[in-house]
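Contents: one structure, followed by commentary.
Letters A, B, C and D mark the chains as written, and numbering starts fresh at 1 in each.
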């Protein structure tokens, strides 16, 4: 809330905290926590909450663990909840329903709400959740805290509140340095490298923002406007390259999509992003006729090693001279890739590849396999350099999405489906 | 979400809804509701939600009542909740806690969330809640719906998300016409009237906004910068009047504060507003030394008629010649007013006057009684024209607030406390 | 220049004007003028210029006349100029050319430049020129001052500096009240009336602004998006009327264009305006296929009375029952109107009608005569209610413009040209 | 002018140039020039002007020289000017004054005006002037062109049109990369280096912009907020360093000021800049009590070598061990420096040092000599590392400025004036 910091610093400076309350700086974080939960005064409560967040940010992992364990004491009372639920079962009254709401929620939920009310509180809570998720791996008892924190995040980051913004060379450095930091697919090595991705007229980038975190992108996608569908990442990222006029492009290539906030894990922003960006691009550049990704295949090599170790060994043996790989082996890899995408052995029947699950879940179709599309070490390590294109046909995405969501039907080009026998019934 | 409307209209125009789904326009609102709750496709779900909201907006009260009653079928299952609570009581596991969250919430909660995700969904839901609250009076069974809707609003309108903005003559007409419409204390009669309140350099106005409702103020306060504390509203609103230089003012007078959204009833925005505005003013105009309201006393005459009918009759009899009212009667009114404010007979021990409860709850103190401060019909009808000043001493508000919140201690000037014996123990 | 006012008030407040300079407030405007012209200190010079402008704004017409006459003493020295010109004729040197520049310019030119450097100086100078032009009518000796002032305005308001902005209901009240004040063709009677012209999605408005005058539109045009070319202003302005979807409109109707600044008389902004607006509209609404005006004919009745008094008398006699005017007379009026537009008797061969000269000069063609298109008193008085449509065919405007500019060729529809024999050679 | 590019590309795309005009692309630049000067159609004229500017930008130096020489043919006619001046000498009429204006201006002036009207025309003309100034050195006949071009620039860049903007880490990369490129005093080596100068709360930067060149700073100043006056640039720029709270700073140090546009040489922006920035800082941070520079002394060593070769040789000999330089020599350098600043041998009586002339001309006083304040190669080469502080006392700057402007009086601290006998009368 703007101006709030003024109020806070005023209060700290002038020592004008309500007289019957102790100074924040003299308190343990447990005492601060108690005050945040019990103080009635809105400004004082904010002062304590602000102080508590600062205290938290200064903690090491052990101290954070202690803090989280301390919070666990604010659990709900199951017996009260059971009583409320029984009462409501009989009465169907609003009061009893309200009692359920009250008793169904651990009190730490209210703590998180109060922390959020502080200036930049949302940013602080996203950071706190990142820490919580990290510590929960070794301390599963903390997972209970996230049940409510995630629910709050889902509510606060409701897609109705998100704002899509273009990111370009006119964007502030504050945001751009985050783009450099958060790019997760094809690393941005320098500001110069960033410039080549944002400044030319045939390059675009879009991000979702939340109004309470104006300097923090939530997710972003990088787009290359091209004359054709690229088969290798080098077609997109090589420098120098010939820049084309945006109005001459026919194809929008989504070549990188990165989630930015580890503290928002499990809150999905990607599903709308590509479709909104595609629509925004089509409005500005009506001549664009094709929306396609150039995507990595992060799980391919692991799956191959697991499922077809002989083939994996064959390929690995030939990896020293990629360009001379023989046609037969090429065909074998393609057939294996088609199987990797189309014939799941997972319990949920979904593809092994997480990127595939994302794009197919969005309603895209698997369009093209690009052997050695990514010759970087990372590309070779995760997929023998295989990249794929997912195609976003705007008129088909909803149908594809429904078919996939309900029946695990995967939309793929004929060239790919022809490579593999349909999954056994 | 921006661009969403493009997607929606695209879908409607091109009939590209997933093939196995019916066209929205051919459906009943019950069928639409079902689709909103069951559709997996994010875009399709939004299309249905958008359509449902439009359908709702076209309904008359009877149809809305039917709609709300229909929603009531989406209640929670108390038995499942009881089972989950029992399981959690034993296990203390995150999974069981998540089960509680799931089962403690009626499914209409999810409906509201999905409606909020639509473009302008928040505005639509605030409107829906206004209708719901209205219909609930005669149909108390609907009150259950608001248990969850209000909780969502509290979450979405967390004070951390609010933005304080100055409202002046450079503000857009879109917002200004709302200021005219929502002014609840001293009516704004025309654009010219509005101009006299916003354009002069000794007048200010501030409002809270939510990022998802950029054209809709939530609450606003009008401020007069003056050389002294006014004792009558005419000192503030008369036209023409001499405009003073803002840098010459010593006193900021909050002479009108209006909540704007009936659909946000019960979600408090006012507590921070005045304090933030006071701080913002002090930063811009460091010479300001006094922050004070000029406030109506809406409950005084009713209380007087009830508690002191003889005095009420006396005053009413003299009302034809206000300025000749005798000193004795004046004193009697003042004493009665002091009692009205300071000696509560309410169960909660709080003052009878709702405006008093608001400002005292904010940490202000009752500073001055202004007999016949408001000689308008409205003023005479509600309080025999009595107005009061509440004083916001920035260094004292937290202490006052705490004392009031905890112990019902009312901070008042000596002149007022001297008028009435202290409340009996 | 922003912050300048701070500096100015600081200087005035603290009396920190250079010690050897008198306080501005104690000076006559002639002494102030002298100081503006001679002070070397940039800040002091600005202080004096600021003070001089305030002094000017407080003057009545007589005082302004005295002030302007005083300035006339700052004339150039013709002998020095002649000497410089002779020197340059011989030398062709840069120094001598610079001497010409120096001596060819009266010193009042430098005065105007110094006044412009003050905060809001441009606004003040536009106001000063308005006064100068007004006083020049009765005092032609002042016309010399405008030779240079107009040249400065032409330089400062070079079309490269203008900014086209949409005006709509989200525009600030500061600008909107200017739109109400400056509308010169079809009066805007109230804020409600303004709302009907700006808020509906089938109404648009655009204005040119100069960066140094952000609250002052220079010229604006109002546009109705319609399904057909209107033949009467009532088709556009009647209330209530059915609003159409912007995306359903085929025709953009420029029904009012107003110059805002009397102090910028002779500085043309209109020529680019309509063409830029047409292009902007076409980009947003590609389905628009027709750009047309609905324009008054302000000189028609005067011309008719002058040239064809008998016909004028005939029509005037029938004016009481417009709708029953007989077909023969109708035809006579149309023929006369065609002659009025197409057969000039002016020395420059241009049409008699000033609005016609504006639109034809822009490259539009005269498309349609609309008898009794404007039945208001003003419309009847100036043109017997005749309105016309000028058509802007974007592919033809340049050709039309060139033909008209060079050869006085008027582009008109066949229906109109057929009404009148071509002008005699 | 916005949208103009649309019009231009439309015209080029559709070949809709007025039919009797040739296509721009088929023309020589001389033919284009002729068309720019003669075309009446506003849009066509802009098309040709746009094309001519693009042609110019593609030229090498020889072609530019040819182009400028070609323009020289558009000279004024001295005889017509003489005739007009004589006529005006007799008539004092506005018409004859207008004739002077017309004839006193070479026609190339009108060419520059027409080029400015194009989208981004101002940027293009600033670039053209940079080239013109460069070529004029070896081709002095071109200097005549700049007489008018500079006059236009002075008019367009009138200080009333400039906008002061803070530059910080939230500024767009488009502008920030210009800051890196244009920093002329203490080179910015990388984006990381830039970050250390803009992001910390005790660092500020401000620039002047012109509305027609929104991405191009004209001049900027970098400011360090410190607790004391620094004596060496390393006190300001060392990394890492301890960042102080802005509200704890007492001293604003202007440690670098850079003009950005070679094409605006001779158009002064710096005189207001520091004073405005000082005022802006004081408004935000009222506790700031001292505004001071840390400035290089670029002419010192050259002057010393010239005037006191023995001392220069002495110092140069000791340069290998700076820190052991003996006190006697130290004193000698300081005395020489005081003489360098205070005892001019220039014809105009101004100091030898250009930086001194700038700050003293602004009304600053010479406050402190800092031996070896800049130990970089550049610093040692130009001044044996000497840096100085100029003090901006806001209440004294006008008086200082006047004294300096009129009488060459240099304001300096007693410590410095004591070092040197006053200049001989």
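The rule is short, and it goes like this: a contact is a pair of C-beta atoms (placed from the backbone, for glycine too) under 8 Å apart; a residue touches a chain by one contact, two chains touch by 3 or more.
Being a predicted model, the structure only gives us computed values, none of them experimental.
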Whole-Å gap separating subunit A and subunit D, where each centre is the average of the chain's CA atoms: 47
Intercentroid distance (Cα basis), subunit C paired with subunit A, Å: 54
Where subunit C and subunit D are represented by their mean Cα positions, the distance between them in whole Å: 36
Multi-chain contact sites of subunit A, meaning residues that touch two or more partners: none
Chain-level touch network, classified as line, ring, star, complete or other: ring
Contact pairs between chains, per stated definition: A-B, A-D, B-C, C-D
Subunit D residues within the subunit C interface of the complex: 1-4, 6-7, 10-11, 14, 16-21, 39-44, 75-76, 78-79, 81-82, 85-86, 88-89, 92-94, 97-98, 100-101, 104-106, 113, 116-119, 121-122, 140-141, 143-144, 146-148, 151-152, 155-156, 158-164, 211-212, 271-272, 275-276, 279-280, 283, 363, 394-399, 401-402, 405-406
Contact footprint of subunit D on subunit A as seen in their complex: 169-174, 176-177, 190-191, 195, 198
